[in-house]
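Here the chain labels run A, B, C and D in written order, and each chain numbers its own residues starting at 1.
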Amino acid sequence: MGVLVSNDSRLLVQGITGRDGSFHTHLMREYGTNIVAGVTPGKGGMVIEDVPVFNTVVDAVEKTGANVSVSFVPARFATSAIFEAVDAGIELIVAITEGIPVKDMISVMRFIKDKGARLIGPNCPGIITPGECKVGILPTTVFKKGRVGVVSRSGTLTYEIVSYITEAGFGESTAVGIGGDPVIGTRFVDMLELFKDDDETEAVVLIGEIGGSDEEVAARYIEETDYPLPVFSFVAGRTAPKDKRMGHAGAIISGGSGTASEKIKALEDAGVLVAKLPSDIGKFLKEELGEK
Amino acid sequence: MKIHEYQAKQIFKKAGILVPEGDVATNIEKAISTSEEIGLPVVIKAQVHVGGRGKAGGVKIAKTPEEVKKFAGEILGMDIKGLTVKKILVGKAIDIQRELYLGVITDRSTNRPVIMVSTEGGVDIEEVAKKTPEKIHRFTVDPAYGLLVHHAMNLAFKLSSDVKEVREIASTLQKLYKTYLDSDASLAEINPYVLSADSNFYAIDAKIVLDDNALFRHPDYEEMRDLTLEEKIEHEAKEKGLSYISMEGNIGCVVNGAGLAMTTMDVIKHFGGKPANFLDVGGSSDPQKVKNALHFLLMDEGVRAIWFNIFGGITRCDDIASGLLEAVGEMEIELPLVVRLTGTNEEEGKRILSESSLDIHFVRNMEEGAKAAIRLSEGGG
Amino acid sequence: MKIHEYQAKQIFKKAGILVPEGDVATNIEKAISTSEEIGLPVVIKAQVHVGGRGKAGGVKIAKTPEEVKKFAGEILGMDIKGLTVKKILVGKAIDIQRELYLGVITDRSTNRPVIMVSTEGGVDIEEVAKKTPEKIHRFTVDPAYGLLVHHAMNLAFKLSSDVKEVREIASTLQKLYKTYLDSDASLAEINPYVLSADSNFYAIDAKIVLDDNALFRHPDYEEMRDLTLEEKIEHEAKEKGLSYISMEGNIGCVVNGAGLAMTTMDVIKHFGGKPANFLDVGGSSDPQKVKNALHFLLMDEGVRAIWFNIFGGITRCDDIASGLLEAVGEMEIELPLVVRLTGTNEEEGKRILSESSLDIHFVRNMEEGAKAAIRLSEGGG
Amino acid sequence: MGVLVSNDSRLLVQGITGRDGSFHTHLMREYGTNIVAGVTPGKGGMVIEDVPVFNTVVDAVEKTGANVSVSFVPARFATSAIFEAVDAGIELIVAITEGIPVKDMISVMRFIKDKGARLIGPNCPGIITPGECKVGILPTTVFKKGRVGVVSRSGTLTYEIVSYITEAGFGESTAVGIGGDPVIGTRFVDMLELFKDDDETEAVVLIGEIGGSDEEVAARYIEETDYPLPVFSFVAGRTAPKDKRMGHAGAIISGGSGTASEKIKALEDAGVLVAKLPSDIGKFLKEELGEK
């Protein structure tokens, strides 16, 4: 029972007929995810990977009771797909798509606020509740059912760090990549809140990177709420040159804010142990939570 | 994408915001003819994608034709923070009564646009924010309704008590916000926004940063792209689906994912090595991308070792391996190769490479990889 | 404001909605030259501001040049429900495969725009609504977000299962909604929206009703105004701040407020009389308006008595009285005058009139006034 | 204590320096309305009719605690004035202005829904709580404190009918003109709800007119809720020609709906006594509630 998705999640795949959509539908089903429907306009009636395809999300929801969606829809149509999912009553949307214009995301987030849904991403690897269900593109092999909550702005770096968590004998309650774009649906603080109330999570690993101020905001939250769980962190980009865009739009350092050193300082001031190397995370966990 | 002041001013002018008369020049003759057209005195400003050009001597007021010639000559070709000035803006000098600041930026913490205004124009706004934060007035726009008239008026009343001025400022704020939206900007800024001695408001300086993800909606902006050699390479890489940034070091890195790529650099440095680049082959898997990545890496003659640090997710290790094999077949690569493959189709990828005749240093994880790459880049075996 | 089909089509065309080639004509020669230009067969349609022109014979298909001449001649000058046809639209005849209905209207009950679509195009949509309401699909637009792509797609999927068609219909719906917004329409309708035999979609008929309150934003629409004589008078009155509608009766009414003006007519009829007009001098008080009102009243030669039914609120009774006095001084008014003044500055108003030499029949309330006006209009004293 | 405004209302006048604004400020104060502020941009610092003028509503609210506004702002700026008032936290806005484009009102109403304020109008005469306070332009002489709630789409017709209510010995608890435009802030049903819960209202007079379907909606509401108070009605426009615009945008009959006869039938079917003549309303009240 993860904090976002579980065996009860009834997943809808938006863009199921595309290359990535069908490939990952296969992998997600293989992992045990309950995929009840796919949507691609004009492909209604098809069956892909044993999943019935619908023309519209509203149709799919009506006929299958889908309550979570994952979207592989290309950037130019991606916000429309999110709007559609939210409007059809989907409670949780995971947008894998990268390259969505920020202005479009601003509109989407306003809409989501109105309708009370939750978005993960865009430009993110998705969510996994190890042993139960995967919504997204994360490679399942590194994950193991356990009690560490993982939240990350990165994709592959998440897998890297999770591999050390798992290697150290721990496992993950929920691991989620929230995406690195400037405008995203769910931020560190939101995940910290969910983990706080989760009986199955006993520590949190927060994987940050340069750009923005989400790490600082999270640090403030941890300090102000006297956060009940131990939090460990790694921040990527300590050696990144200033003012360079490192791969995705979120990772810009400009002026005096958004640098790794500031983020690390803020986190450390809030009592968070910040790792210098990804492998440190495994060591921290062992030291703080005891050998498993 | 960054654009130059003169380009931002063109966009503002189209939106109905008053900018001083002027034109861009790439040589002294054009600077002189422009100054004759618009009349002296003129301000000559270096057009480079970097801040602090004023302090570097890249902005001068010319009161005579001789001064135009002199200053244009001095500024063209000048080096500002490593960038050579190739263009100057020659603009009518405005007699300044008051300087204000107007800006719109995307606020990541609220996922909304924020309008910022200040009576402290003409100076670094981040300095103002640090020293006298009470002099910056912010307003977060609700995108469902936009910047309404009374929002703009309420902000403008913070900058003036003269209702004629207030209406003018408010009107400019609405145009600025519209420009921000219409151009898909992440920043649109007028600093300073100047009340002239003859009581007109001018955008004296202009800054617009465009959202790269939205450029497909603005094919007309493509011609505004003005890149340094370094940026050109980055841009070329981007067109091939790669994020590539050249650095000073000697270990060429090929990584999938931005966070992992940054961490790869961090880890190399941590162990005393020097990364030659940031290189993210992106999420989607495609052997061709690996070939392209090696192409960019090999342009850098300082590279002494190549390190593939791949953690497969949406990227499949076998695709990476195939791409590497193909590339080696086509290009002459004599540099030592360190390879770390983990994740999706890992076994398949390793098998492909093992079966080849390549001399590959396989490593199990990132830290091993960093150490191996450093050793090899220093000539070790 | 109502506009003609050909004008609505011009607006739709500008918005990127495909309409059949064609042109408006006011004479047979133009109809012939247009039909030669676009090729036969053509549809010739009367351009009048009234429904049911098809049934009245105002729409004909011409297959030969002779028929163009014949039908154009027949339709031009035709009387349709009391209106003379002065313009015809000569448009390319489209080979019809399917007819749909697309419309946007302002829904008063939700204060929002509503999109309506139906597979039953080409017929009276209100009939469809009555007989087969399940065939009309409605969607209420949230003005904070507009008609989003998936809204349009969801509606379009109700009309077709072919995704190419669906995308085309959805795209037209978005253009139609944008037109509704941009033109400040209260209604924008395409009926029928036709899939032609060669698989293109055309707006075969087009209807746009513009919001009079918003016309100040659209000075270019002013030239679209095409009024009958009767409408011209109403429009002229409106420009003077009056609402005036001429009727068949003989009691001229001057009233303040639309509700009271309608009730004045109702009460006159209730007691067996006939109002000559609806006339609302509006809320704001201005003696000049009273003069203008009398000007319009006196144009109607059927008027036998004039009744001022004024309940002052924002309108002041003294202003009405002064206006009446001034008007009588300038115009020759020999008709009996019934006056009812109540409300703001009532005493002052009555005093002004009493002190004049006018022969005024003062009444205390509306029912007394109606009775007096009826008596006087019938020659009673 | 009216259902909308009372002695506790702290009124702000938007457009106070205009001809109508200043004139009616005088009349409203004369009636006893507590006017605490006026707003006209650029006239901040002035005093009109003893009322301090501010540049912005937010300033006025901050300095005077205004909670109700009445707007005389011209049509082109009128919606901006409503947005401003709502944004500044004004709970009740009365828009007298006529001629506001419908599209602008659609936006305003969306905003009001978000913010939870109430709008009366536009194109309306306003509200009176006889003996306490008047917000708008209604002539006070015809009103008398009493127990009949009056709601009307018309202006002067309201005064006409109220004069009969008062003449018949009754008075009004609250009388409100809600305006005749297609898009208005408060409709019959909203007022019926307020009157229902009001201890001081024992009957409702509903003054309708041709166009729209608010009378029909009200009739349905009365029937469905088994409305506890007696409702009397008058509908103007029985003799109006079809498809003609009678003075304001709301009064259009088109197609088969919006005619007076349909409205009268709907109301009568719901048990409402509908008057043929304005004076009937006085008679109805006497018959149903007894002589006063």
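The definition used in the following text is that contacts are C-beta pairs under 8 Å (C-beta built on N, C-alpha and C of every residue); 3 or more make two chains touch, one makes a residue touch a chain.
Note that this is a predicted model, so its numbers are computed, not measured.
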| item | value |
| --- | --- |
| Rounded Å distance, subunit C centre to subunit D centre (Cα mean) | 27 |
| Whole-Å separation of chain centres (CA-atom averages), subunit A against subunit D | 51 |
| Where subunit B and subunit C are represented by their mean Cα positions, the distance between them in whole Å | 55 |
| Of all residues in subunit A, the ones touching two or more other chains | 107, 110, 114 |
| Per-residue overlap in subunit C, given as positions that touch at least 2 other chains | 144-145 |
| Topology of the chain contact graph, where touching chains are joined (line, ring, star, complete, other) | other |
| Chain-chain contacts as defined at top | A-B, A-C, B-C, B-D, C-D |
| Of all residues in subunit B, those that touch subunit D in their complex | 144-145, 148-151, 153-154, 157, 161, 163-164, 166-167 |
| Touch list for subunit A against partner subunit B, complex | 20, 24, 75-76, 96, 98-107, 109-110, 114, 125, 137-139, 141-142, 152-160, 163, 180, 182-184, 207, 209-210, 212-214, 217, 234, 236-241, 244-251, 255-256, 276-279 |
| Subunit D-facing residues of subunit C, complex | 106, 108-109, 111-113, 126, 130, 142-144, 181, 184, 186, 211-214, 216-217, 243, 245, 247, 255-263, 265-267, 269-270, 275, 278, 280, 283-284, 311-315, 342-344, 346, 365-367 |
| Residues of subunit C defined as touching subunit B within the complex | 144-145 |
| Residue ranges of subunit D touching subunit B (in the complex, touch as defined) | 41-42, 44, 55-58, 77, 80-81, 83-84, 87, 107, 110-111, 114 |
